[in-house]
Structure formats: structure tokens, C-alpha cells
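A, B and C label the chains in the order they appear, each numbered from 1.
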Amino acid sequence: MSRLRWCDPLPQATDLPVLLPAASRLARSATAERTAGAFRLRLRPAHGVALLALFAIGCGWAEAQVQPGQPSILATLWKWTPVLLRGFLFNLAISAVAMAAGTIVGLFLGFAQISLLLPVRKGAWVTTHFFRNAPWLVLLFYCMFLLPFQVTVFGMTIQIPDWIKATLGLSLPVMANVSEIVRGALQSIPTTQWESAASLAFTRRQTMWMIIFPQCIKRMLPPWMNLYAILTMATVLTSIVGVNEMMSLTRQALSAENRSGLLLAFYSYVLFWFFLYCYPIARWTVRLEARYAVNH
Amino acid sequence: MESFWAWFRWLHDATGINLTIFYDSFDRSRFARGFVMTVELSAVCIVLSVLIGIVGAWLQGSRLRLTRHVIYWYIQFFRNTPPLVQLYFFYFGVGSLLTATGVSGSPVPMVSNVTWAIVSLSFFAGAFNVEIFRSGIEAVPGATIEAAESLGFSRLRTYLLIVLPLAFRISMPALNNNLVNLVKTTTLAYAIAVPELLYVSSQIWSDELNVPEMMNALLISYFTLVGFLVYAMHRWERAIRVPGFGV
Amino acid sequence: MTATPAVDAEPIVVIDDVHKSFGNVEVLKGVSLSVPKGGVVCIIGPSGSGKSTLLRCINGLVPIDQGSIRVASFDVHQLKTDQEKIALRKEVSIVFQQYNLFPHKTALENVMMAPVHVLKEDREEVRERAVALLRKVGLSAKADVYPGELSGGQQQRVAIARSLAMRPEVMLFDEVTAALDPETVKDVLNTIRELALEGMTCMIVTHEMRFARELADVVYFTDGGVIVESGPPAELFDRPVKERTRAFLSQIL
């Protein structure tokens, strides 16, 4: 690509087809998913109801296998709930920190992807796509095993707990996906906006911050929130590398109880907690998208 | 070839960069087997998930309400739960029910972990494929189908010659996204000890204590694998593209 | 309400008291007409008067509720199986307003598809015929081009060639110029004119009054699902009898 002048139109995203609404909807969502690097999470109240039904079946199943002298399944669940919820808080903490860190770096990377300087643009592109192509679990391993377990700053030794390393591991794919979301949004703004800003003698930096970026936020918010919901669900991956989050605690609880038939009840219970947290986010995403669609 | 491998031994002696997967024949074959396992897992799951997608999309248009409901809830379950939970559900949940009594009297699983990984991942990606193919089929304009009908095409012929080729092209970009995602998700099979790339790498680094080298080898392997798939699918997408058709 | 054919010949299309409803809306409220072999019939009238539905009924795309339609040796209203409908569609072919070409096939392939797959004719023979048909509609240069790269008028002429490839006895044209740019309308109308002059039986739903006047043996004016008036174009256009016909013509001319 030759050197761009600042008021040159940005390369446009895929042109949308002129076909049936269903086809263009599919093409649009495929483009959006490709940009966001994550599929759309669509939670409905019915899913919560189905999980509760599954939970009830699991409890019934477990209750039928209760031996004389053992506590009932609900009592067992209640006993473990504080432990599990502490694990769940871990999941939430990991997701929040990973999202924050990934977003901040990802924003810079996204802007760098449309830089006028070729090396910056290419570098940002390579970085983004390198981390987008790597599986989340591999990035998680990478950070878990390669980051030191302690660092020494000015003679002080600071321990780095496992969950912080896991959080960093998850923030890498978030960063790459946010970078693409930002680039996609920036390029979706019609070139006429750049041209009219240029005609009013705005500089490129002013145009970006005062005209282009504010319009992008609306477009970025839904995929960004969807990414967060996906990330929250993905925090269970950290159980594989030994972080004591809700999933590992559930498995520990199951092996401590050492009773048959608890599996379904426990897992549906855990999933229900995730549903409670992710459902409002998914709903809100849909509403924001609808509002955005009305404005256009 | 020998001298190529020997160079890595020299690299180890000279710099301490210990890439046993090149100069140690045992590690080399382990790593290669893991790579092949990942490729196999991906290929089998891609084929199965596409088949699930086609059959599911067809069943979704069924006249029976029950069939449509079953497909609907199948999609909802696999779309909205973490794939790791699905894997555990199959391996620990369903797998523990399907056991036979072994020679020593202890229960032996009837279905291997590799099979469970294939089943779980195929169903996971298949759920997305059902939706993708369904919307692809629905996106074919009714007027085009009517035109085929007016030229005397039978229903089956219209479906095979007009609807499916168009639906496939419309579905292609979404299908690509999903298949790339599927290949990345095969790493989860690590959690149930399927000897794929990530798993054998972890074995190698715990034997040889060369974590950084293995980590980078792993990252590059996946980057190459996924990058190749993305590239190939894009090329294919472009190759079957019809001028002026848009999608 | 039955019109007398202008040409004394064996009628090839006979429509008698056809009724058709979509849900609660009755689109055709007893339409009767007949077309002699080789005749050219134009149907005019305001939008929503059931003209397009009538053509679709003749082709068997839309089943009728009441009445009878006879095309050549087929009783269209009694066709049940797909096989029978396919046999009918070899005799009578329809060209749509929106052309509806198959977007994943080239112009030539579009023309060849039905003869090869439906009539099971030899591919090479069909190719020769298809090339000749494309030449006839003036598009031999565009044989290997996909529909998406053709203009509307060119697509419509390919669609006509595609219908002709089935060697039908009757051609139905459903507002074939309504979606076209004014410049390309002429080419399409010329193609149809040529066909009509060669003796093809044509039923043309159109808004091109001048074209209808020039070409038609009989013009039917429909409104609200019935035929209001019919006759040779000179009479219908210059001396309409019914008030509604007069009102319509004064608006449009």
C-alpha cells in the first residue's frame, strides 16, 4: 500500500451484497463476527428456565441415589455454595481485569492499524493477527509458564499470583479482538466524514478525536460487550492451568463428596450462576444494537 | 537432513536454546504425532460438523414440531455454554454412564477420550453450522426458485442445482469463521488428555524442562496452522465467488 | 365477459371463470378469455388488478380455486403431480418482471440448464441452440458473463432466451419492462416484437400502451380482478366503451 495522505479515504470494509435481507444479514453478521473474533452470544430467559429445569432433574436424580445417613442434595449444594461463589468472584475478577487491560492495549493497537506510517500499520496488523490466530488456551499456557512467579523491584520481591498470570493470558486475545473491533469501526465511518472535516480545516488528529472516534463508540460498544460476555465464559479455561476458580472448585467439591449422581446438579448450578451474570449483558447488547440500528 | 537436526544440537550447546523436538528423535516423533493428532482432530470435526449442519438445517425445516424443537434446543445448548463445559459433560457425565466391566473387575470406559473430543467438538461447531446453513437456504430468493419451477425443474433438482449452490456461497464467510474457531477450540481436548499438540508439548517440556522453547514452538505451530486455514478458506471463498453476486 | 378472438384459429389457451384468493383477498373474480394459436394478447390495467396472478395460474405456479384453464392439451387446474406440471411447463414458459436469472450460472449456462436437466437433451445440441438464441436476442458477446455483470435489459433478454430454449408453444410476459431503465426497454420490446411476428403465441402483461397497440390482436383491460373490457387495440384505445377504461386510459396516455 502506498503512503496515505491523512485525508485519503480509509480502505473500506467488505461491501455488502444486494440480495435478500436474510443473505445480507448473514453476510453482515459474518463480517461482524470476523471483525469481533467472537460469535454472538444470544441469551434468552428461556435458557435460564431450561437450566433450572436441568438443575431440578439433576437434583431429583441425585436425591434418588442418596444413601441413608447422607445429607440431601440441596443441603450439600448449600454447604458448598460459599466456596463456589468465592470461586465465581475469581472468575469475575479475572474477566474484569483481562477486559480492562486488553481494551486499553487493544485501542492503541487498533489506532495503529490505520496509522499513516507503514511500519506502524504493518506491525500493528501482524501483532493483531498473530494473537487472533492463536488459540486462547495456548496463550493462557504461554503466560502461565513464561511469566516469572515473582519479580524484584528495588530490592522488594513481589509475588505474582497464578490468577494474575492467567488474567494476562486472557487479555492477549481480548487485546487482538478489540484492536480489530476498533479498526472495523473506524473504517466503517463514511469517507465523506473525513472529507467534510478536511474541508473545515481540521487536522487528522482533530478529525479522529472530535469527529470519527465519537461516532465509532456506538458501533464498538455492542461487539465489545459481547466479547466481554464470551470472555467471562472463557474464564473457566483457567481451571485447566490450576487457578482455583468456580469450575476447578466444582470438580474439587465433586471429588470431596465422592458420591455418584451429583454431576448434573452441580454443573447446572454453576452454569446458572454464569447465566445470571451474562444474561443482562447479552440483553443490554441487543438493546444497544437495536437503538443503534434505529438511529441509522 | 541429519546435519539439519544436528544444527539444533549445536544451537543448544552454543546458546542454551533447547529445541529437543528437532534433534531428539523421540521428542521429534512425539511432537509430530501431536501435530498430526491436532490436524486429524480438526479435519474429522470439520467434516462431521458440516454434516451435522446440513442435516440439522434440513431437519429445522421439518413439518414436525418436535423435530424443530429438538434442533432448536440443541443449538441453544451448544451455542451458549462454554465448550469446556460441553467437553466435561460428555467425558465425565455421559462417559461415566457408558462403562463396561474390565478384566480386573474395575469399570472401563467404552468410549475413548479421543472419540469424546470428536463428538463434543463436532456438536459444538455443528450447532453453529445448522444456523449458518439454514439462513443461507432462507436467503435464496423465492423468485429464483419460482423461475426454476416455471422452467419445469422438479423440486429435488431445484434444490440441488439452484438452492444449495447459492446457499453455500451465501453461507461461506460465516462458515469460515466457524471452522477457524473450531480448529482453535481443538486445544480444549488437552483437558481430557487427548494427545494433541498442546498435550504432547506439555509432556515434552515437563520431561526436558524447556518451557520457553516449547511455548514458542507451540505458538508458532498454531499460528501457522490457523493462518494456513484462514488463507486457504479465503482463497476458496474467492474462487467460488460469482461476479456481481455480491456475497 | 368472454371476448371474441380477433383471429379465427384454434384457441390454444382457454380460460373460463377463474377465481383465485390469497387469504381473504380475492384477486381473480371470474376471469374468462381465450388466445388463438399464434395470437398476441396484451393485458393492461392498474397495479394489483390480478394480471400477474393470472399469468402465474396459466403456468401452474399458482393453483386456482375455481374455474378451468386449458393450455394446448393440458387441463391446468387438474394437474396434480410434479410430473404433469413439468410437462405443462415445456409448452408454456413465463418471463418475469425481475428476470430471476440463476446468479451462479453464466448467461449461456442459464439458457442451457433447463433443456439439459429437464428435457434431458444432448448437451452439445443444446449449446448450439443456446448460442443461436443468445444471438437472436443480441447477446452473443455476453455468453460467458454472469448475470450480476449484465444490465437489467440484458438480463431480461437472457431470461427470454432461457424461456425460448424450452421451445414452448406459448410465451407469457409478466411486465417484463417494468423494472428496466428506459434506454434498455427498447431492446427487450424489439425482441418480443420479433417473436410475435414469427408467430409465437404471446400473452403480454404490460404498461407499454404504444407497444400493446402496435402488436396486440386483442387487448384486455382488467381492474379489480375482472376483465372490464376487451377488443382490438384500435377500438379499445380510441373508443373505449366503459367509464373505468376511459378513466384509466386518460390517466396513462
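Annotations for the structure displayed:
Throughout what follows, a contact is a pair of C-beta atoms (placed from the backbone, for glycine too) under 8 Å apart; a residue touches a chain by one contact, two chains touch by 3 or more.
Keep in mind the model is a prediction, meaning the values are calculated, not measured.
If the chains shown are joined wherever they touch, the resulting network is a simple chain of contacts running from one end to the other without closing.
Closest chain to the protein centre (all Cα atoms averaged), using per-chain Cα means: B.
Among the remaining chains, C is positioned farthest from chain B, on the basis of C-alpha centroids. Contact analysis places A-B first among chain pairs (by count of C-beta pairs in contact).
We define each chain's centre as the mean of its Cα atoms; on that basis chain A and chain B are separated by 21 Å.
A separation of 56 Å divides the Cα centre of chain A from that of chain C. For the pair chain B and chain C, the distance between mean C-alpha positions equals 50 Å.
Contact of a single residue of chain B with at least two other chains is seen at positions 141, 245-246. Of all residues in chain B, those touching chain C in their complex are 141, 143-144, 146-155, 157, 161-162, 165-166, 169, 242-246. By the touch criterion stated above, chain A contacts chain B in their complex at residues 15-20, 22-23, 25-27, 29-31, 33-34, 39, 41-44, 46-47, 50, 129-130, 133-139, 141-142, 145-146, 233-234, 236-237, 239-240, 247, 263-264, 267, 271, 274. Across the complex, chain B meets chain A through its residues 73, 76, 79-82, 84-85, 88-89, 92-93, 96, 128, 132, 135-136, 138-141, 170-171, 173-174, 176-178, 181, 184-188, 190-191, 198, 202, 205, 211-212, 215, 218-219, 222-223, 226-227, 230, 245-247. Per the touch definition, chain C reaches chain B in the complex via residues 59, 61, 82, 85-87, 89-90, 93-94, 96, 98, 100-104, 113-114, 117-119, 145-150, 159, 162-163, 166.
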